[in-house]
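Structures given as structure tokens follow.
Next come two complexes, and both contain chain A; in the first it sits with chain B, in the second with chain C.
Right after this comes the complex of A and B.
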């Protein structure tokens, strides 16, 4: 098993390194094949590992990393059912996206750099999923951050894109500060970074400390998973190539925050306070992002806000004490959202780099190969009854509803409202782009796209449609995923809600979704860009949050840097020293007139004399 | 281990003596450069091979010495010529010799005037720095400390950029001020020790036993501290550094950042702390404070720089800040981390200085307004640039992360708030590093520059690979390096204990 998992990690790493070192010397096809093999190979290894022992919990050590005194961190993995499923999902989705990328990037000459980053990203993501030592997790955590940065700014000649990448890196890094503090604190309490050890000994923590840990980890998750208040980087991150958005900013990296909370569930679970804040963050973010998504015109921005919103459900699931529900939603989200992004990539290329949904239209007729899979993705995102996206979201909502603390009812209401808004923004985008209208696109305004790009959508579409089977709430294979994850500490197989509550919530949810969907059809079957009237601006800018950060933090920070340099450092400290030196020069020329026998004068003279001598030597250097 | 053969002396003086060959061949540039390269590589080989002679040193009462050497020098004054090498000095020696090889390589095309004397001074500097890291007699140490000033002064003053003379004088004045105070303190200590025991000696191992009143300790320590704080440099004594870097030739910046700054640190924990423990203990909180201030101040300020080399210079000061914190917290983790960080900084900042030098050679400008979009014409260069920038901001898997995480987590165990602040300070580092990357290799390429922008040639690429390998090695497998530090750091910890501070000072 150690060998299998080691090779699993080695595959994408080797792919990335080979492309980085000699990729430029290889023919294009070879470089592409190496990149795809790196990921497909990892998928095969993940499948083999799953077959051999996906249900086991294993701690495997590769080799030592840092060791000083009692401080010790190794390259090691903790393979348990949660990690087993996670790496299957990550490698599967990444494989498809790599293959899609070959077609998507067909005209880009900088493909080596692209595939190199993409492979390194998959490696880092797998490290997050598998690592046991939290320091090793942190390596993956920063690794995905770096790859995300590099890929958002992939088209670096556009300054805005590069700036978007930088913003993402800085904001996630601000989130990471508390991860680092949590690391230090874990070491303080446990003298270990091992996830497994920490989880096993979590009960030795006091409630207060568990709260502290919960909040520290939550803040880290907020950065990576773009939750409030650190949401603003994700919409900008759409500057990257669309497959990157699909892989990093939808299916995998942004869910890493939620995943981290699941991995350390036994720790955060100890504190009601932490759980409450986590649930609240998830619930509020999910509503906030739904509102913002209502008024976006860029197809990728709609999807970006929907990602923020859906990740909110995962966080809410964790906060409601049911990380299985959160993880279930993580899985279904990764399928339907990567599907939607890849579909959007097809649309954008077919419409000649057009992102604005109001300049699309008629695509049902013009792009039938994209239409059906995209519809499945939208239905899943909007939680159309009995599709995967519905079942996972329903489980999260149910877990929130039945939570004993009364405030969770409020969270449930917020999240439920967001679920209905999801239907509105999803189908507003869908109808505007796809339905027939007179001012829509014509056939000669559509560029051909490679067949491969639309073919890739189907495996994802099928999974998005059927992945509800993983964890049906009833029937002979009910709660399959939950049962599989039962061995993970803190997992609840069955939520234990009374049947009436369970059915009532489910049916009510389903019915309302259908009603809202119908309403949306009647409102948005004709394009209505200014439907929200005076609210439009507020929604479009996501409540001016980005503007606030820019003007309250980023700009003042930059301005103060200039003040520090010019006024404090140059005119203050430096001028102080230079003037003192100048003063001494004058003083010493006076003192030099008489020898007063004081040691200090002699020393000063020695000093100045030596300097003068050296200066003369420099100026008259003629060797 | 005492050898009959003066191996350490050979290591110290070989570059200086062989350097005269460079002077002699000054008129034949290629030959001169090749000789310098051979000397530098030979020296590196010599230094590395030192570890094979006594690879598992036995801990003794005065330290875990791998090699020692001692001769009478001026017996009437109690000066001995004594050298000693333990794991810490060994690492610093390897770094010194390594950086000198790089210095010769990167000056291959950029230095065209007075080639002979340039290389002579490089090798002269190498000798003095190596001597400094080995000296165990305080007077000998002082001698090397001051001598390193001379070649550096000329390197900046003759081969530097626009305001080179001003920069060289500023550098000399700052350093001399500290050095003279230190000399007074050394003499003072020598006299006090002599009066107490009747034995007049400069040997560090004897002087450390001197009983000092707290006033004497305070003044002597203050003089030492000032000298070292200027060299490190600790904010607010740093203003000579950006100026010197800005106007120094690339090789000068390499020596300065890679080696000279390290001598201040080395002297601080090797001599100043153990010699004057009470005074040092009292100063630790101040040092921690100054280190933190330096980290934030320099990192913040670096953001607004318009010259990329100056930005790297300020980043250096920021890195020094966190290392000062690590040294001042003084436990196994932070001290190992800080010493490792000395090496790490010597690799990653050196690499950035080299790359800035390459930009300068092509564009004859280092201003951000003239840069941008370099990736378009220079992809290999830019890939390396990104790599070293990431190493500098402490990406896990690369070298700086290991040192920083040791310092931060080690600090957190005793002073949680300081640990948190230092971690937060690293975010400030991310901001200026990303700004530097952004304005250098990203953005719209400038058309007018296309004809002068050519990608790395073999020599340049080779130099950078030489740097990238140890960066990856330390980042992924620091074990062998950290093991070298194990015993010497433990010895330092027993020599000087900071415990009193933890209980009362903070």
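Right after this comes the complex of A and C.
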């Protein structure tokens, strides 16, 4: 098992390293095949590991990393059902995205750099998913941050894109700070970085400390998972190539934050306060992003805000004490979101790099190969009854609803409203882009796209359509995923809700989704860019959050930095040194006048000096 | 006891001699005259040594004078050679004309 998991991690790392070192010397095909093999190989290994012991909880050590006295940090993994399912999903989705990238990047000359980062990205995410030592997790955590930076700013010659990469890097770094603090505190309390050890001994923590840990980890998760208030990097991250967006949103990076909370669930579970804040963050972010998605015109931005919103559900699931629901939603989200992004990539290339949904139209006729998978993705995102997305979202909502604390009812209401808005923004985008309309695209405005790109959509579409089977709320195979995850500490197999509540919520949810879907059809079957009227600006800019950050934080910071730089550094310290030096220069040039080269002057000075010395001697003589 | 010159007289004479030598070295620009001034100052110092040797009845002072005379002689020898050489190089023995040491 150790060997299998080691090879699993080695595959994408080797792919990345080979491409980085000798990729330029290889023919394009070879480089692409190496990159794809790196991830597909990892998927095969993940499947073998799953078959051999996906249900076990194993702590496996590869080799020691740091060993000082009693302290030791090793390259080790903690392979439990949660990690088993996670790596299976990550490697599967990443494999498809890699293969898709081969077609998508067919005209880009910088494919070596692209595939190298893509492989390293997957490697880092697998480290987060598997690692037992939190230091090792942190390594992957930062690796993911770096690769996202490199890939978002992939087309770095465009200044806006490069800045978007930088923004993502800085904002996620703001989140990472508290992960670092949490690491130090973990070591202080447990004298160990081992996740397994910490989870097993979590109950020794006081409630206050558990709250502190919960909040620190939440802030770290906010950065990676783009939750309020650290959301703003994700919409800008659309600057990267579309498969990268798919990778960031579905398989790697964004889910890492939620996954970390699930991994350390026994710790945060101890504090009601932390759980409350986590749930609140998730619920409010969900609604916030849903509103923002309503008015976007860029197809990728709609999807970006939908990701923020959907990750909010995962966080809400954790906060409601049911991380199984959150994880279920993580899985279904990764399938339908990668599907939607890859579909959007097809659409964008077919429409000649057009991102604006109002300049699309007629795509149902023109791109039938994209239309059906994309429809399934949209249905899943909008939680159409009995599709995967519906069941996972329903489980999260139910867990929130039945939570004993009354405030959770408010969270439930917020999240439920967001779920209905999800239908609106998803199908506003879908109808506008795909339905027939006279001013839409014509056949000669569509560029051909490789067949591979549309074929790749199907496995994802099937999974997005059927993944509800993983965790059906009823029937002979009910709660399959939850039962599988039962061994993970803190997992609840059955939510224990009364049947009436459970059915009522589910049916009510389904009915309302259908009603809203119908309404959306009648409102948005014709493109209506100005539907939101005066609210449009607010929604489009996501409640001016970027503007607020710019003016409340970035600008004052810049001004402060300018004061420090110009007034303190340049005019103060620097000028002080320069003036002092200038003074010495003047002084020395005055002294220089003495050395006029005339022997008589020197002699005179010699005697004057002698006289002065003798005078001092005489005056100080005790007669 | 033979007639003895008081030590203070010796000191006054030496001081006058020293000042004369110093003024000669400072006021004149001719290198030879400066060298002579320096010699006079050395002689003044030697005179003080003689006086002191007589005052305390010790021979050390006289021994020192021998040293001073030896130093002065060698100094003059080298100094005159340098002056001669400088005169050949620059065509002058006016000290103020030498400005190579100007900073």
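In this section, the second predicted complex is superposed on the first by the 568 of 623 C-alpha atoms of A that agree within 3 Å, B and C clash if a C-alpha of one lies under 4 Å from a C-alpha of the other, contacts with A are read in each partner's own complex, and residues count from 1 in each chain.
Everything below uses one rule, namely that contacts are C-beta pairs under 8 Å (C-beta built on N, C-alpha and C of every residue); 3 or more make two chains touch, one makes a residue touch a chain.
All values reported here derive from a predicted model rather than from experimental measurement.
Q: With both complexes overlaid on chain A, does A:561 touch chain B (first), chain C (second), both or neither?
A: So A:561 only meets chain B here.
Q: Classify the contacts of A:511 with the two partner chains as first (chain B alone), second (chain C alone), both, or neither.
A: A:511: touches no partner chain.
Q: What is the contact status of A:71 with respect to chain B (first) and chain C (second): first, second, both, or neither?
A: first
Q: Based on the superposed arrangement, let me know which partner A:150 touches: chain B (first), chain C (second), both, or neither?
A: first
Q: In the superposed arrangement, does chain B or chain C reach more residues of chain A?
A: B
Q: Under the contact definition given at the top, report the residues of chain A touching chain B in one complex and chain C in the other.
A: 603, 607
Q: Inside the complex, what are the residues of chain B that reach chain A?
A: 23, 26, 114, 116-117, 150, 153-154, 157-158, 165, 168-170, 172-174, 176-177, 180, 236, 239-240, 243, 297, 300-305, 332-333, 336-337, 373, 375-376, 379-380, 383, 386, 390, 395-397, 402, 405-406, 408-410, 412-413, 416, 419-420, 423-424, 426-427, 430-431, 434-435, 438, 441-445, 476-479, 482, 486
Q: Mind listing the chain A positions that touch chain C in their complex?
A: Of all residues in chain A, those touching chain C are 592, 594-600, 603-604, 607.
Q: Hey, which residues of chain A end up touching chain B in the complex?
A: Residue list for chain A touching chain B: 20, 24, 63-69, 71, 113, 135, 138-139, 142-143, 146, 149-150, 153, 156-159, 162-163, 166, 169-170, 173-174, 177, 180-181, 183-185, 187-188, 557-558, 560-562, 564-566, 568-569, 573-574, 577-578, 581, 603, 606-607, 610-611, 614-615, 617-619, 621, 623.
Q: Could you list, by residue number, the parts of chain C that touch chain A in their complex?
A: The touching residues are 22, 25-26, 29, 34, 95-96, 98-103.
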